[in-house]
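Labels run A, B, C and D following the written order; every chain starts at residue 1.
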Amino acid sequence: MSSTFPGGRAPVAWVAGVGVSAGLGAALARRFASGGFTVALTGRTAQQLQVVAGEIEAAGGRAHAFAGDVGSEAEIHGIAQRVQALGPLSVAAFNAASAVRAPTLELTVDQFTQAWRTSTLGGFIFGREALQLLLANGLDPWAPTGRGSLLFTGATAALRGKPPFAAFASAKAGLRSLSQSLAREFGPQGVHVAHVVIDGGIDGEKLRSNAPQRVVQAGDDGLLNLDAIAESYWQLHLQHRSAWTQEIDLRPFKEPF
Amino acid sequence: MSSTFPGGRAPVAWVAGVGVSAGLGAALARRFASGGFTVALTGRTAQQLQVVAGEIEAAGGRAHAFAGDVGSEAEIHGIAQRVQALGPLSVAAFNAASAVRAPTLELTVDQFTQAWRTSTLGGFIFGREALQLLLANGLDPWAPTGRGSLLFTGATAALRGKPPFAAFASAKAGLRSLSQSLAREFGPQGVHVAHVVIDGGIDGEKLRSNAPQRVVQAGDDGLLNLDAIAESYWQLHLQHRSAWTQEIDLRPFKEPF
Amino acid sequence: MSSTFPGGRAPVAWVAGVGVSAGLGAALARRFASGGFTVALTGRTAQQLQVVAGEIEAAGGRAHAFAGDVGSEAEIHGIAQRVQALGPLSVAAFNAASAVRAPTLELTVDQFTQAWRTSTLGGFIFGREALQLLLANGLDPWAPTGRGSLLFTGATAALRGKPPFAAFASAKAGLRSLSQSLAREFGPQGVHVAHVVIDGGIDGEKLRSNAPQRVVQAGDDGLLNLDAIAESYWQLHLQHRSAWTQEIDLRPFKEPF
Amino acid sequence: MSSTFPGGRAPVAWVAGVGVSAGLGAALARRFASGGFTVALTGRTAQQLQVVAGEIEAAGGRAHAFAGDVGSEAEIHGIAQRVQALGPLSVAAFNAASAVRAPTLELTVDQFTQAWRTSTLGGFIFGREALQLLLANGLDPWAPTGRGSLLFTGATAALRGKPPFAAFASAKAGLRSLSQSLAREFGPQGVHVAHVVIDGGIDGEKLRSNAPQRVVQAGDDGLLNLDAIAESYWQLHLQHRSAWTQEIDLRPFKEPF
């Protein structure tokens, strides 16, 4: 695998919210690595990042692990400097989230805050740092695809609040709103900001561990395939700037909605 | 003015986000006071609350000022105990918000957090305390209008994120989502949860001070009249439980939208 | 019952989509009649209209039956002339609909067309005639409530297409869109155009005949009460023009949504 | 150019709403032809279809012109038989529309009807015929991408009614609703139904002729590029059935929204 980009260093894709190998963050990193990007991986657990980075490198890609907490301005700012050193940032994908499930009266202020801190404040902190790099990346802002992409992982919960997910839904609604503000503000400057509504269970480690019976019930392709999701992020990045998408939904063919 | 309710103490309306007399919080309090409710006023500035309470009492109503910060669980929990002592809570209206206006890259983490803390976390803390009282108010849950109402003041920004209001819009989107979760969870228990989308400038002290030229340009009824807004909250409370509204929009007749 | 309006003739409320007495059209007519309006009733079945008109008159109101098909421009135009002769039109409510239920591949072009003709084209024809009268009614366009209201009965199906209601949903979505265009165009001219999303079963003759078991299952206030719905139309009409609602939803307190 | 499909005949893409060569229908046909599909072109003007078909064949593709009116059940049913004879239908794209621009009170019933007949009824007639072929195409319903795609061209007007486009918006809202009903009904059977919201001016013959100054003002990539739009349809078709999109928006990077 080699870079398809002309000149010196390959453009960089920075993915936040990377955890286990069989998770969406890792799948996004793999997709961009296989597309020739140098990928920077951010997540809370250094060891998980090392595993994913190792797999990408074993497959011939370039990957760097930068552990950090998206809710911490200082940490993410520090990581941004290291990302910038890797090459011009061309794609930033925010995939962090923290789901809390509880009847609303049993939710604590701390839980409500954590959900927002990871999904919404994290999106703001990451997005702001990524935008600074994207706007200064030296890539041609008038290239067909613009100067880069900022992609947010959303959820159906962002569209409708519903118990027992009051905290998660509120946080995801706040993130979706943020993605719209950023799209309106930075689209004309050549940055493609998009929000991906994941509607359904993801066929990954989390569900396989926590709800194996749900995996069985879903049947073939009844859960969202990790690579299939990642492919849509990749295609969003490739869109021509004359026809950008701000929001797409993704759901299994048999998912009721 | 006297209570129209049978039996002993008048039901209570608790309004959070009360500031100056010519503001929406105060107008909501006046509307419920004139409908026979004992009103409890919460806002950050004790002196402003005293003024509004004084006016309501001068007009023959019953009002109590409980200064506090909606973002503080301890303060709101303390106030809730004092509200409970006034009589059965029948209406709770959340009207607090904190608008920040800035290009997104200039927003600080503190500003982004404050916007959420006041509008979203405040709504959660207030809503949770109010629900505890509403569910235990001793009012007939099978009464035509249910056992009470929990009303949230929203904004058009809740429906679409747009600069320079990224922080405010994200916070209001989170609040709107919360109102939906609460409606779905507590409607079947007899609590009417609704969200009011204010779309346009409010004809109050804030705009008259900060943007007098906008008031002039708006012309007759081109800004939302405070009493007119309050009347719609009142009518939401009076709705029969077989036909409740979860969301209404309110805008001046000549507002472009 | 007597008119509460000053001067000569009482304003007129024109309701289209009036059928049996225990239906929403009839309930709307009763509500406006009891508010002092002369009501004009339009529906396909003259005999049903006579029954409803008779009941209103027996209760002290004023009612006139004008049978006609909302999908026929000529018939509705003719009725509009007769409505105009009754007095100044102040409220027009469009309540006609034709539900078809079928797997989409079994829907015929005729069924798909009928659903649209009644719900959407009917709304256009009725709305256009009503607007001509409202704009020329001689009522003060700068009155607090404006010069009149044009209210459309919608359905949840307008918000999301779902089998086996593809035809009905498409037609109702088209009607909802029309109500928005009219609101944006005629609001600034003093006509309040609103759309009411009925979400749930209506406790009327139709459901009681066709699905009695559903009525039983719904339990107390589990279906939308006719008078409760009508009250919200009435309140929409009374709104101050500085704070008009374009859309409200109405659903039973225990309805899942 | 040669088919990339195994076995005998290449799968077929049927595009309705094909007009001039520099239009979206033709661009969609070209994209699918270059992807190895045999394309069937339907539009009102035989001569235009011949030109587009000729261009595709000159470029090494396979194209067939079937002139017809999407609002005519008989014509579209007849064409469907001829399409079926070409090979297994794998993609059907509905791109017909008829825009009317007028103040709402000046719209005639005929204009309102025509807008619906082309955009909504046409979508129903075409969709139904296409679904019959898709469900019977012999392609593997459990293939990664399902057994085929039914794609509808939508518009921002579908999301909000606004003068002077009351008729067009109502019709497009009805089409969007239909696409949702079909997605919910036929997704589980392996047919990918999606709706593409075009938000902005298309850089094609229509705008270049009718509003050349708008083309100039839009500047580089300020209008939607035909090939860029078509590429997103192509990518929708390629999506894995575990992660299908029901709706995407497409707009130029600098378009205000």
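Just so we're on the same page, contacts are C-beta pairs under 8 Å (C-beta built on N, C-alpha and C of every residue); 3 or more make two chains touch, one makes a residue touch a chain.
These numbers were taken from a predicted model, which means no experiment stands behind them.
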Both-way neighbours, i.e. chains that touch subunit D and touch subunit C: none
From subunit C, the most remote chain by mean C-alpha position: A
Equivalent interface positions on subunit A and subunit B, same or different at half: same
CA centroid of subunit B to CA centroid of subunit C, Å: 31
Euclidean distance of C-alpha centroids - subunit B vs subunit D, Å: 47
Gap in Å, rounded to a whole number, between the CA centres of subunit B and subunit A: 35
Where subunit D touches two or more other chains, by residue: 184
Graph class of chain-chain contacts, one of line, ring, star, complete, other: ring
Contacting chain pairs - touch in the sense defined above: A-B, A-D, B-C, C-D
Complex contacts: residues of subunit A adjacent to subunit B: 73, 103-105, 107, 109, 112-113, 116, 120-121, 124-125, 128, 131-132, 157-158, 160-163, 165-167, 169-182, 184-185
Contact footprint of subunit C on subunit B as seen in their complex: 142, 144, 146, 184, 187-188, 190, 192, 203, 220-225, 227-229, 231-232, 235, 239-257
